[in-house]
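Labels run A, B and C following the written order; every chain starts at residue 1.
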Amino acid sequence: MPTIRVSADGDAALETRDVRVHYGAAEAIKGITMEIPKKRVVALIGPSGCGKSTLLRCFNRMNDLVPIAKVTGEVLFQGENLYADHVDPVEVRRRIGMVFQKPNPFPKSIYDNVAFGPRLYGRPADLDDIVERSLKQAALWDEVKDRLGHSALGLSGGQQQRLCIARALAVTPEVLLMDEPASALDPIATAKIEELIQQLVEHYTIVIVTHNMQQAARVSHYTAYLYLGELIEYDVTDTIFTAPNERHTEDYVTGRFG
Amino acid sequence: MSGKRRSLEAPPELVARRRRGKVFQALCLAATLVGVVTLVVLLADVLVDGVKWLSPTFFTEFPSRLPARAGIKSALYGTVWLMGLVALISFPIGVAAAVWLEEYAGKGWLRTAIQTNISNLAGVPSIVYGILGLAIFVRWMFALTGGRSVISGALTISLLVLPILIIAGQEAIRAVPNSIREASYGLGATKWQTVRHHVLPNAMPGILTGTILALSRAIGETAPLIMIGALTFIAFVPEGPRDQFTVLSIQVYNWVSRPQDDFRGLAAAAIIVLLALLLSMNALAIWLRNRYRKEW
Amino acid sequence: MSPADSVKASRHFDQELQELRELLLRMATRSEEQVRDALAAVKRRDAQAAQHSIERDREIDALELDIEERAINLLARRQPMATDLRTLVSTLKISNDLERVGDHAVNIAQCAKRLAEAVPLPNLSELDRMADVSTEMLRDAIAAFIDRDPDLARDVCRRDDQVDRYNDSVFRVMLAEMSRNSNAIVAALQMMLVARNLERIADLATNLGEDVIYIVEAKTVKHHADEIVSDMETEGEYDQ
């Protein structure tokens, strides 16, 4: 099963080595080894329950929050194993940010939402600049610049999700993990998010979980197909969707099973 | 035309179901009315008896053997002192306990044991708390509390209402959506930062509601306070936590057991004051709750 | 969509793909018949049969329109991937090429009409063989499509050189005939035209073979199927 050789495409931002995740006795991720190239979009696709969200959450140690989850193997971020004893998960999550499926802005003002992350680390003097920069990067600044003090909950679904992206960007992560970021949004909001992803990838490495194959085909450079916790195929997106190597992958992308 | 049934009219079994529904609805209304009517009758009775005794002197005079000169000054001050101290003691402890149980405790046997005990304590008769208070706060901690003092009373009552506060606090914390916590952790916040900036503020309305419940229960407690030695006939007000005291509920009890009819009127007046205090406390808590809600 | 929905949808999609395939097959068979009938008309110099043949070209054009419309609809509605995508895109190309085969058959039939009044010619064995090879190529290409047989398709592509050689030699023979016998000029010219159209038909059969290889193996081939121009399976990584 071909694995992307990132030495041909720059450095790896993240690398997993035989990562396994157990929820109690059940094995949700069965030994996955893969590389995520820097400043590219990698899509994780597969039917429900294949483990793509679980794998994504290994990249920023969010699985730590689930008591019965046990992660073995290595996840290397710039050469350092995220699961080594000396590593603090809180610091990991600052460098590797996450955007969730259902937009979850805090019940605070728009400004306070974006400022929350930077404020965790002290009182930055240029907080206003940080907020503005992050909202601009998330393509939301023009729509909210006159009402930064208003409640975030007054925004539409698509705007809320972009706010969550701005919030994640405010702490200047290097990798952005997105768990089905557009699945709760209408088609126009979805298109805006997809366009945003294409802009953001110039500066950030992005890993996106999606159950929408056409979306994976539109936004990603590389696509990984997972099934029941295993990595079936991982290749350039064009190949996965025009001429996949594995029969399984072909059946999934052509909709023969799903 | 006569052979066709009109399609959207209610068929017979639907009519019967409707009628049964209406009967059920009427029964529910009747049950509600029983409670409401009883309450109204009681309130009316109290108002009729007591309102003529509500004069300025009623509030400024101490209790006396003569009804005309009797007042609730000591009881009122004592109640206010007691409620204030109970709030100050039980609120932080209750909230902290709720936070620990929900956010830090995990799911092991220890937590289950503690949780079960708290739930049971909520149902323990209040007189038992009185015995406990007597033994520990009045006698054993005499040096600290000064014996039969308002602080002993406050500590005893705090123990009584703590389970209510903790359980309500836990419910409120549990009701905070997990997505908020995940968002906070995802940004690199520690557990403490998440609790402080998101969980507690979001749970505060529910916690304050629990506090209302707790204090409403506390204001009417009589038996445990009698047990720990709140006096029934004092002519001074507490000046510090270690001073002796009495409360409105005890004063009412005291007056009601007097033979003269006038004292029953005084008791009714004292009940009115008690209810007024209760309503103001509730209003304060509701105002605080709304203030927290309005912020977002 | 739920798994049950997507299975139902894909069964319907499979049905639509199958219908499209059958239409394409019908078009291929018709085109092959047209070529055969036109060549027979040339041999017998039967103007009436030729005219009949020319009129039946309308059916092929109608089939192309129908196939094109269906294929485009499927692309829009089903967003096909992988093999389905390659099949649909190739279907459009194949139907286009088959329509042109039909047009070349019409050209041959028109030559037949003109030959009805012309003198007979002696040296037609090369042209006969050329007709055989070309029609065989077309038939085998269609068989390769039916059977999804890339090896047969490659074989068809390799025969293209043979047809080109026949084309050259027929040209020379007819030229010689024309210089010998000025009465034979009209007939000889028609034969040269027939040869030219046969050569084009052979090219189109080669195209059909290349399309079959693309559908089955995801490889784009040119020049007798020996040179692989691009291979979808091992496309390179992105440039920085």
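General observations
Just so we're on the same page, contacts are C-beta pairs under 8 Å (C-beta built on N, C-alpha and C of every residue); 3 or more make two chains touch, one makes a residue touch a chain.
All values reported here derive from a predicted model rather than from experimental measurement.
Taking chain A out of the picture, touching joins the other chains into B | C.
The greatest centre-to-centre gap from chain C, using C-alpha centroids, is found for B.
If each chain is reduced to the centroid of its CA atoms, chain A and chain B end up 48 Å from each other.
The geometric centre of chain B is 91 Å away from that of chain C, both derived from CA atoms. Residues 1, 3, 6-7, 9-10, 13, 79-86, 218, 232-238, 240 of chain C are the ones that touch chain A when the two sit in their complex. By the touch criterion given at the top, residues 106-107, 177, 179-190, 193, 197-198, 202, 296 of chain B touch chain A in their complex.
By the touch rule above, chain A contacts chain C in their complex via residues 4-5, 8-10, 40, 47, 213-214, 217, 221, 236, 238-239, 241-245, 250, 253-258. Every residue of chain A that touches chain B in the complex is listed here, in rising order: 60, 62, 65, 67, 90-91, 93-94, 97-98, 100, 102, 104-108, 116-117, 120, 151, 153, 164, 167-168, 171.
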